[in-house]
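Down below are the structures I want you to see.
Shared between the two complexes below is subunit A, which has subunit B as its partner in the first and subunit C in the second.
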Partner chain A sequence: MSDDELAEEEFEAAPPAGEVPSPQQHFASRFRGVTGALGPLATVVLAFFVSGIAIVAIGKNPLRVYKAFWDGTGLNFFIHFGSHSVRIPFSTTHVWFWWDTASISAQNLQQTLLTTTPIILTALALALPFRAGLFNIGGQGQYWVGSILTVWVGESFIGLNGPVHIALCLLVGTLGGAGWAGIAGFLKAQWGVHEVISTIMLNWIAIWTISYLLGQGGPLQGSQPAIPVSNQIADAAKLPIFWGPKLLQGLSIGIFIALAMLVVYWLLINRSTLGYEIRAVGFNPDAARYGGMSVARNYFLAMAIAGAFAGLAGAIDMLGWRYSLGQLDVENQAGQIGFIGLAAALLGRNTALGVGAASLLFGALLTGTSGRQLDQSIFRPDLAGDLTTIIQGLVVLFVGLNLLGLAAWWRRRRGRVATT
Partner chain B sequence: MAEAPLLELRGITKRFPGVLANDDVNLDLRHGEVHALLGENGAGKSTLMNILYGLYTPDEGQILLNGKTIDVGSTKASIEHGIGMVHQHFMLIPVMTVAENIVLATEPRKGGVLLDYASARKRVRDLSDRYGLAVDPDARIDRITVGQQQRVEILKALYRGAEILILDEPTAVLTPQEAQELFEIIRSLQEQGKSIIFISHKLNEVLEIAQRITVLRRGKVVDTIPAEGATEPGLAQMMVGREVLLRVDKKPAQTGDALLQVEDLHVFDDRGLESVRGVTFEVRKGEIVGLAGVDANGQSELIDAIAGLRPVASGRVVLDGRDVTKDGARDMIDAGLGHIPEDRHRRGLVLPFSLAENLVLHGYRKKPESRRGLLQLGTIGRRAKRLLEEFDVRGGTPDTPAFALSGGNQQKVVLAREIDADPKVLIAAQPTRGLDVGAIEFVHRRLVEQRDAGRGVFLVSLELEEILSLSDRILVIYEGQIVAEFPPTATEEEIGLAMTGGGREVAA
Partner chain C sequence: MAPPARTGGDDVTALTARFERVEWLSPRAIGIYGIFLGALAFWFALPPVMTRSPVLPVALGILAACAGIWSFSRDEHRVGGGAIAAGILGIVLGLLALRSSTGNLKDVVVWSALFAAMLRYATPLVFAAIGGLYCERSGVVNIALEGMLLSGAFFGLWAAIWAHGWAGNAAWLVGLAGAALAGMAFGAIHAVWAIHFKVDQIISGTAINFLSLGITGYLFIDKYGDTGTPGDITNYGIPDIHIGFISRIPFFGAIFGQLNLMIWLSFLLVIGTWIFVFRTPYGLRMRAVGEHPRAADTVGIDVIRVRYIAVISSGAIAAMGGCYLSLGFVHSFNEGMTQGIGFIGLASLVFGKWRPFPTFAATLLFGFSSALADRLDAYGDQWSTLFQALPYLMTLIAVAGVVGRSIAPAASGRPYVKQ
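After this line comes the complex of A and B, so read on.
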């Protein structure tokens, strides 16, 4: 007897409560990797299509606008081959290379990757608790806590040895984020406080506390009076920039830390006993308890590790290109990175590869539509940013819709009509 | 067959990728009969009924109603043809009232928009009076019992004008008493001229309620026979395709020292009521101790407390000479307790996990399944392969998700995991619930093997027959207390009396 039929029977017997996966999930799990990417791809295509309608509505040609976005992202860097002399990072040696690493598109690409870095990490901050059945909305707050602690450590301890100072900053930022998310994890584990509520509240606590710290007369306000911005971090604490101009937001090695964290995440979830516990708790807490696991401990750990990712994102941004933090940054960009990370995690279906790809997509979108990169004769940059938000929102909306499931339903309907 | 059939399925064939779920199935339903559809899990019963109800489109074959071909391309069409289905898991909205659920989608309206609740209520009341299905139209679905929910499902089908009712494993979720009440309802529906297709894999039920029985095996009709003259062993053989031992063969027990001792145990349930009230018993090496009792007399709480899943209020639990009263689930597993939980979907398995992952649910944190916090996938996979073979788990490889297996095979996975951990004491809570005869036989044989291997087995079951055929000693629990102990030679009547709290003085 093949398992297809058995599966069929099982679904008929499946309770509607949602504890048993849908046939689509079953299908996806059997051909994971092949069909796994189809849903998210369809989601993205549809999101671009619908926002294309918005572009048409304001009298522009969507294809031309998207081409301008594409050029702005710098991803066209990869398709222009030639013969170039390129300096190897951190040296004076020049070698031949098939891509021009000093072109405009190279600079745009640096910005895209710079933006992608924190998105990867805040997306992981959502993806990991998701596997434990928790919804961490607090990536933003954890990011800011990591940022402010990094700035504080970075501007203190002047004269410390570079690598040590960097390591200390990264460590403190990471632990800060972990601690902040750990509060929500602890509340959940101990008293069952819903993590959505607690992380949202913790976001605002973080934002307004930091706003106070950096504000007029605040303890972390810099030496310039009347400017609510922190001091710059020590030069020694800045992350090495390996590509692009040092003074104009070149690309720091932070991107490699983020990529390494994708690998760490994959290992943790798929290969470690902790990941096994987290997944078991996420799928079925009762079975996890029966298997001898502590559900509370896993809730706490999943949140704390997630916070570590988000805190690390803040630390890397501070050490990589921001260097100082202003009161207005925190207040005005209150929801940005966290929300984009959320969209990236949803689109990437909480897998390491998916999160990486989705983060690159959103990093590219943000960069491609920003005033600095976008060709202004084609689209007004102030509207372009809104378009990013629209696409982002549409993605979240369509991810929620489960396009593949919808398509399967439609096929079934059509199949039925055809037999009549 | 002189009488023309009301409904006829002719040559129904349904293929799913890689499998033939229904292969040229013929079935006819006469007016006013109860026709049982019998078969093992995975035999294609539900597929066939879902075709009839319009959920699936058959690849081949026709459906005839009163001799005319009909098209049931959708559930809407099948309802219009007077076919109603009560699914095994109910399709009700928990926060709405009984009346609201019944009239849903075809509500009587006031002024075209507003629900005319008074009229809905009245119609529901009329219906329930006519068919003797007592329900309170104003009760909320989540506040009534499962048996009552099932009545609401039946009323919903009747409200929509069903003449033919499909009942998919209707007794699976019911207590024995509720099942008897359901049979009364079925008989009354029959008297009112309704025709019923009754899907089941329980032989005694089918013999009790049906007039004719169609047996399906691997998607094909084995035969259709009248219930009169049919026997349980005969039906079992038709279902499984070979002779089945309904009674367990076993040698006399070779008992040794006590492995599990429970002393004056008191445990509270989720509502804070004392549901285990001073239970004392022991399980010795090499014996199966059966705990009989009507559902919800403290069995679940007792098992949970022993297994470390629920705190002990007072009393002692001793496992192989060591006091483990305060130990949690992990410590109990390490101390040598195997536990086949009563609900394999809620506890026994992580359904989206692969079989290999499910098989290490306890062992994942120990060598050689993991080293330094990393899972050793090679070892885990090889172990899974060996166990799936040893326990004859069909329908899956180590990578198959657990939900893709039939109930019987899922239970074999749980059994494999618990037995392979080499426990000193094995708690088997309702180990055959929802399984078909072939799988029941397998589970029973394995449990007796454990006993013969010198382990202590504590069997908790609501099926008295199962307790009687497996146990070396039988305890009866009633309202959280052990009220009687019987030797395996006791009769069902004696034990049954003790289960309902009667004859306390006589026993023990």
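After this line comes the complex of A and C, so read on.
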């Protein structure tokens, strides 16, 4: 597509004067295919460039720092080829493989994928309501509710059959998240309460309630007194680990559940009646109502399903590597998986493929900047954590801007000035 | 017939007429009684009455819930639902209060101290909400209040510490200016994105919240990560105003005798905002831009300019609230210390239907629940952690239940395209 056509499309897609631009007009349908990936790519490059200024400001070399991040992500695993003997997961058979699955970078990659898993799901928790015109900023709270319920079921029912226990945990966590988001959806559908306010409030209610449950003398505090952490979940309820050491946070099969949910999301949005209605409501609620759809029902369902994704994220994290939940985990704002997911969804333009790619980017960024991976002498990990938040903010800031469209607009404007 | 006396007569008749028009037994009124009964149910369990039997709170709570159900069944869903919620909350809170010892309760519920704490907690909310009022009245949604508050908290503190060397104990003035500048910078970003680039205003607001969280945390770790903010900030923080003659009045003295300067300023801000928005031509123009920008444009108001000014000043006002938080209240800074206060301020604005005085009343309500939660936490035992959720729960119930469907400024959230 040539630049001029791009500019034309930009102008045609612009909302009529004075009208509300629906989220769809900003995202998703505007650019497709390869051009669809260019805007987010430009966004990421610009975000890293601007946050590089913050690194320079404290006297570090941004290229060295970014290199350290990159080394910690384990993504360099893919660029080292060789001849290796590799064990097939869940068996004793060894086969030849061109990547070394036991290297350091392989272990880093496991961490990256482990972090990517919940980000994919919390990103879907934003993406789905976004298609209905709702902004679910409460992914974090829904994630915590899913987590605490999973821990509760996981530490109870000891002796239950493994797969049954896992299924039960996942189900309860998912339903918990769905219920929590469903409150916001209900309030929106019934009384038009703005979902941004209600989901933020629900986040904090979840955080303090869980903090109470796990705190000193709380009902879910573990058997060790004076330590505000829950009991470990039963061994049978832990998700099978197929790559990496079992005792050092190897990669569980949760990543496949997350990937499956990407497919589910795609089917739901593009190939189901519900998805059609959700998109219709997001595009124009009045027209959807006139067409015989229940806007309230779709608002509620969009939120509840979104919460189910976020709750599932919490459940997988609990069964996959956390195994127990502590008061500090919840009160500490460092683990803001839900908010990272929000940025990933916006960067991925709320499409299944885009969400997957953007989640991998943020999963890698979180892993590369974590205290466990990052070399203290190059960059302080706690500073890097805040740098991640800055990058996240810049991504959201620039992604709304639609850089490609902006460039086309500038060219067009310059051209108009030249002709007059 | 001779015209009625002009002085006072009109007002009195207007007032009586207004009272006569109220239907004291309408479903809506019954629902409102229910809400009061629910509050009473809790109140009776607290000092000075402090009933020790569960009968009174439970009975009142049930009565409140019944009133709520009655009013709910007569199509007053919001007020009725609010009364039911108030009844249940009254019973639960009342019973919780019964469980704790009288000595403990007397420590927690000292009404004068509680009201003073309410004002302290409400002040950042007032600044956030009034900041939001300017922004939203001009037609720009501002969910970046949280980030603006946080930026004010950090940059205000930072500026004051920096200025301490040469400005001495007046460094807080520099701090306030620094906070306002930081808030204006973020406000300017929001303005350019929302007004000029016509980006979805919720997204640009969210971006600013992240940016503010990241930037303040980054600078905080870089400057004070190992040591924390200096301990001598109390010396050059925003001063308290001691008013001698008020502090000698028995009950009010304990509340108003020793309040922070910013609390008094917040009162002035509310009154000033009301005058500005509803009694000056500039306020009228701002409201016109928020309600119907096309019409405003037609009569020659520069819509874009009004919105820019409103959004940027919104940032400055909200940031001063954050500055009070760090420099006048807790005298230190922590990463993400605002903890959703900006959003509660925004909820107050919705609850107050975008009007200064009702908004102020809403901030007092949320401030009170924060004060109660804080004092319970300080004196209570394990379950008091649960009370930290109270302000957020109150906000949720208030926004969902009691208010009528509040009508935002008509053009709120819509970018204006000049034709």
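The criterion applied here is as follows: the second predicted complex is superposed on the first by the 378 of 420 C-alpha atoms of A that agree within 3 Å, B and C clash if a C-alpha of one lies under 4 Å from a C-alpha of the other, contacts with A are read in each partner's own complex, and residues count from 1 in each chain.
Following the convention adopted for this analysis, a contact is a pair of C-beta atoms (placed from the backbone, for glycine too) under 8 Å apart; a residue touches a chain by one contact, two chains touch by 3 or more.
The structure presented is a predicted model; accordingly, all values stated were derived computationally and were not measured.
Applying the stated contact rule after C-alpha superposition, one finds that A:M293 touches subunit B and leaves subunit C untouched.
In the superposition on chain A, A:A54 contacts subunit C only, with no contact to subunit B. With both structures placed on the common chain, the touch criterion links A:S272 to subunit B but leaves subunit C unconnected. With both structures placed on the common chain, the touch criterion links A:D382 to subunit C but leaves subunit B unconnected.
Of the two partner chains, neither subunit B nor subunit C is touched by A:N161. When both complexes are overlaid on chain A, the residue A:G217 reaches subunit C alone and has no touch with subunit B. Residue contacts after overlaying the shared chain place A:A280 against subunit B, while subunit C stays out of touching range.
More residues of subunit A lie in touch with C than with the remaining chain of the pair subunit B and subunit C.
Residue overlap on subunit A between the subunit B contacts of one complex and the subunit C contacts of the other covers 19-21, 26. Those residues of subunit A lying in contact with subunit C across their complex are 17-21, 23, 26, 54, 58, 135, 137, 187, 191-194, 196-198, 200-205, 207-209, 211-212, 215-218, 333, 339, 342-343, 346, 380, 382-383, 385-394, 396-397, 399-402, 406.
Remark: subunit A residues 1-10, 12-16, 19-21, 25-26, 29, 267, 271-274, 276-277, 279-280, 283-284, 286-294, 415-417, 419-420 touch subunit B in the complex.
Within the complex, the subunit B residues that touch subunit A are 16-19, 21, 41-42, 44, 46-47, 50, 57, 71, 73-74, 87-89, 91, 168-169, 218-219, 307, 309, 328-330, 332-334, 339, 341, 345-353, 357, 360-362, 364-365, 370, 373-375, 377, 394-396, 400-401, 403-407, 409. Contact residues of subunit C toward subunit A in the complex are 77-78, 143, 189, 193, 197-200, 202-204, 206-215, 217-218, 221-222, 225, 293-294, 335-336, 339-340, 343-344, 346-347, 350, 381-383, 385-386, 388-389, 392-393, 395-396, 399-401, 405, 413-417, 419.
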